[in-house]
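Handing you this structure, nothing more for now.
For clarity, chains are labelled A, B, C and D in written order, and residue numbers in each chain start from 1.
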Amino acid sequence: MANKKVNKKDIAKLLNQWRQQFTVLAPSKENGVAQMAEWDGKDTSFLDWYRNTVIPPKASFLPPMEEMFRFQKDKEGYHIELPPTNEHKQLIFGIRPCDARAMTILDMTFEEAYQDPYYLSRRKNAVLVGLGCTNPCESCFCTSMGVSPTESTNVDLMLTDIGDQFLIEVVTDKGKELIAKASGLKEATKDDEAKAKETKETSYNKITRKLDTEGIVDKLQASFDDEGFWEQTAAKCISCGICTLLCPTCYCFDINDELVRGEGTRFRSWDSCGFPVYTKMPMENPRLEKWRRVRQKVCHKFEFYPMTFNVIACTGCGRCIRLCPVNWDITQVLESVPVKTGVRK
Amino acid sequence: MEQKLRQEAKALLEQGKVDWIIGFEPGSLKFTTTPLITKDKNDADRLVINPFIVNNLADFLPEIKGRVGIVAKGCDSRSIVSLIQDNKVVREDVVILAVPCPGIIDLSKVERLVGKDRDELDDVTREGDKVIIKVNGKKKEFPVTEVLFDHCLACELPTPQEYDILLGEPRPPAPNLEVSGKDIENLKGLTPEQRWEFWGNELSRCIRCYACRNVCPACYCQRCFVEETEPQWVMPVPRWQDNLLFQIVRNIHVAGRCTDCGECERVCPVNIPLRSLTREMYDMVDELFHFKAGMDKEALPLMTHYEQEEAEDFFR
Amino acid sequence: MTATDISHRKKFFALGNVYLPHIVVIEKIIEETPGVRTFHFNFKDKKLGKEFSFESGQFGQYSVFGIGEAPFCISSSPTRRDHLEFTAQRVGRVTNALHRLGAGAELGFRGPYGNSFPLDFLKSKNLVFVGGGIGLAPLRSLIWNVIDNRNKYKKIDIIYGARSPADLCFKYDLDAWGKDKTVNMVTTVDKGDDTWKGKVGVVPKILEEVAPSAREAVAIVCGPPIMIRFTFPVLEKLGFTPKQMLTTLEKRMKCGIGKCGRCNIGNIYVCRDGPVFSYAQIKNFVSSEY
Amino acid sequence: MKQKTEWKPKLVGFLCKWCSYAGADLAGISRKKYPANLRIIKVPCSGRVDPLFILKALRLGFDGVLVSGCHPGECHYQTGNYRARRRIAITKRFLEYLGVEPQRIQASWVSASEGGKFTKVVDDVTKELKEAGPNQLFSERRGDGTKTKARSKGTTRARQS
């Protein structure tokens, strides 16, 4: 399908058309915290201020907390009931390429072996409309992680800024359907395509933070038992959950029950490998020391995930760097991994 | 000041007077610094003092083994004193390198002032009572009070009282409580229902990352009540009721140890105005018990001490 | 390695949702030692009970509704299916709640999860079981399995120990195996009492004394981590190769299916890729955090 | 004739075992009537009461919390009640600042011989709690982040990216 274009001032119109069928989520900034929230039908000011969200879009698929099921006890014993299914379809408008790639990375875990019904049903019903970055942050390093700030790989439709308009690339069949149902779009001209190409190149070059991940798996493997290195790396970490909870590719979760006056609920909620209680068993804790937890965080993304899925679980969105209370910088850490010859053991 | 700090730090390590130096080094983003925790005397040359040394380094003291030379602004020094009072830190094991602090620049305020994100700014410099912000090649000048952290505006102790080495000239305190206390005053103007709703709203954004707790030097418990499972006091899910319960009890638990360093509010990734809780508690403790955390090394900790007659009005 | 292929594993999900538990009923509770109880249970829905199958070494996630879930291996043998069993030590939130329950109480159960002891590999071999304390639970499932198919296996040695005579679990089994002429049963305690007539000494030491031959043998080890770590070197001394040593590991688990993230050792998830591992595998783990 | 049952506040009382708990006992023995809406939790000393207990009781839906210990100077452990006084004082004031009705946090000194005083305390507290009404602090009807716009100060650019 040929590419389309839309006037920036017609974005509200376009979103309202999609709103007939979808719950449209768009960048929103209540209380100063940017996140994907249900679009109000009017406000498109995010087109001016939006760079990326604080809360990653994974929250729409793996929410900070969700009901897994409810349970009740009566004379016959316990009864289990699934929460009312959330069949409504989500359209995420404006997802950045780094975060879209993160969704693809999360899919691997949730589809692998046992399927995760909660995540996958939301994922199946959702469409992602990407919006290319033209003003990336200082902390962004997507290009080092194999993601271009304007790439269309992991979305259904991709928008690229071409001045007063957006060029719309139709990426998937879902995207095709979206376009088919939308009016007011024009065919993109050769000139538009050229402009988009230019935007993409300019944006790409705006990413200045670089990280060399060549051979990172081997490097980390060789340094895994280098306690001194990990202790030094972890020294300033305060073991909070910001970098993990707000990471678009982190998915670890906790499961907890609550029983209130005979009505029970089992919740799933975000959890972090940075917390000491995360691995705590009654008698022992394999990751009691801070450096072990920091090592787990780094290695899970850059060593274990590649070993299992052949892809690094980091997209260079830079949230962990921007939001860290102590400016613990993953790019610096990875660059300081000692180069060791010979494989461990 | 920076040069002196580097020399002193290096000398302390060289002479074996300390095992560790904790200070600040340049961060990886514009206008940031990052804690430097080192045993290596060569690292001393990386130490900096500038208007962006945000962290309260006292937070690291209880977990570090050995003797420590620590860079401390006034507020940090109060946290250190508080830790000494609580027997979490031994006075003889710390060498306090005191920084007379003219206030730290709150980049969020700068962003709001100029309508740009911090990484879009060319430069932010302080010159006396002014701050000069360069954006798109243009210079803008503001009174520095417009960009300092609220807790800095309220600062009662710019220069540490308790120190071993003083870096630079002491600065007298000049708290501006009117400006720094505006948020709390506004809140007090609301009805109780509105206030409760306000806090419920604010805490509904909490993701339970516990950065506020972990960055707090007063929160040094090995195991926090939120992590207890027998009984489970608070559900470990980010739901506003449980978030609020956590935050209320955390505030009560650090009453008398909170020095109003403002770190909890600064680090909150979802902008919960936590200082409007901590500062009110700080003032309340002062009003009821005439106690200010970390001001007097000899004072007994607030909750281990009492007067015969105090705060009795509501007892039946 | 890539993620473990689980396509051959039986999927026994409630409503097709891997996280939903089935309801099971506690039929009987046996006090093994102070603080350790074995729970006999069956599916509330008898039909489901018939459909359910598992293998020795697999585990389940058990819910005390309103309190939470905890993983325990199924400690009964698949060859004895009038009921299922698991054994729990009272150590945390869920196990405290479990110990407050009586017969007739309902639990949630999901599983079976994890891999199992490789019966094909064990066939026609001499088997050396080395257990300590409550670590006998997963071994016990296999031991009964093997005894019920006695002609498929050769010699059986069982070396089991606990801190004191009072801490010995499954005394009824120990008795039965002691009487079984086809089994060499050795029981030991770290510290005996007036009535104790068995061996005294920690398990690795007694293992060295008993000195089972490594020829065509496999050792299956389970106990507290400290015992496991000291047992492997003894076995190596006796001539066992890392491939001839099996164990089952324990970690904190929430999901049981390799998603929630906490039970990993390197890129291995104990819940999904284990819990049964050979020492050869463990030695190859990128992490020494086992 | 049908009568609408009057709403009775649920009150939890943390009573020191050396004094107030015995006082409550005495009130019971001497058949003094006090409202049956009080759930008593015996504590070794009023100083044992962590403000967390108070908050947890409110979270669970109790309409009020009463902490009762020995008169100043009479603590079995010398200073427990003084420490309790500091804690409860800041808890009460702090919660008031947050918008909690002040009636919900109550404290008293009741000795083992003051059965009558105990009855009166419970009566008075109950009356005050009736004024305050049912505790809906943690119910979804209030403070639901999705329904109302907050007046937060973090308005414009902070943390947008």
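To be clear about the criterion, a residue touches a chain if its C-beta (ideal position, glycine included) is under 8 Å from a C-beta of that chain, and two chains touch if they have at least 3 such contacts.
Note that this is a predicted model, so its numbers are computed, not measured.
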item: Pair of chains joined by more contacts [C-beta pairs], A-C or B-C; value: A-C
item: Farthest-lying chain, centroid of Cα atoms versus that of chain D; value: C
item: Inter-chain centre distance, chain B versus chain C - centres from mean C-alpha coordinates, in Å; value: 50
item: Distance between the centres, which are taken as Cα means, of chain C and chain A, whole angstrom; value: 39
item: Between chain C and chain D, centroid-to-centroid distance (C-alpha), Å; value: 49
item: Chain centre separation (chain A, chain B; CA means) in Å; value: 31
item: Of all residues in chain D, the ones touching two or more other chains; value: 150, 152, 154-161
item: Multi-chain contact sites of chain B, meaning residues that touch two or more partners; value: 117, 202, 205, 269-271
item: Residues within chain A bordering two or more other chains; value: 31-33, 51, 54, 137, 254, 256, 258, 322-323
item: Touch list for chain A against partner chain B, complex; value: 31-33, 51, 54-55, 64-65, 135, 137-139, 235-236, 238-242, 245-246, 254, 256, 258, 267, 269-270, 272, 275, 277, 290, 321-323, 325-329, 331-332
item: Residues of chain D defined as touching chain B within the complex; value: 51-52, 55-56, 59, 72-73, 79, 82-83, 85-87, 89-102, 106-109, 121, 124-125, 137-138, 142-146, 148, 150-161
item: Of chain A, residues touching chain C in the complex; value: 68-69, 71, 73, 77-78, 80, 82, 109-110, 112-118, 221, 224-225, 251-259, 264, 266, 268, 271, 273, 278-284, 286-287, 292, 296, 299-300, 303-305, 307-309, 344-345
item: For the chain B and chain A complex, residues of the former touching the latter; value: 27-30, 32-37, 55, 59-60, 63, 117, 119-120, 202, 205, 207-211, 213-215, 223, 227, 235-239, 263, 266-267, 269-271
item: Residues of chain B defined as touching chain D within the complex; value: 108, 111-112, 115-117, 183, 186-188, 190-202, 204-205, 225, 233, 240-242, 244-245, 248-249, 251-253, 255, 269-271, 273, 277, 280-281, 284-285, 288-289, 302-304, 306, 308-312, 314-316
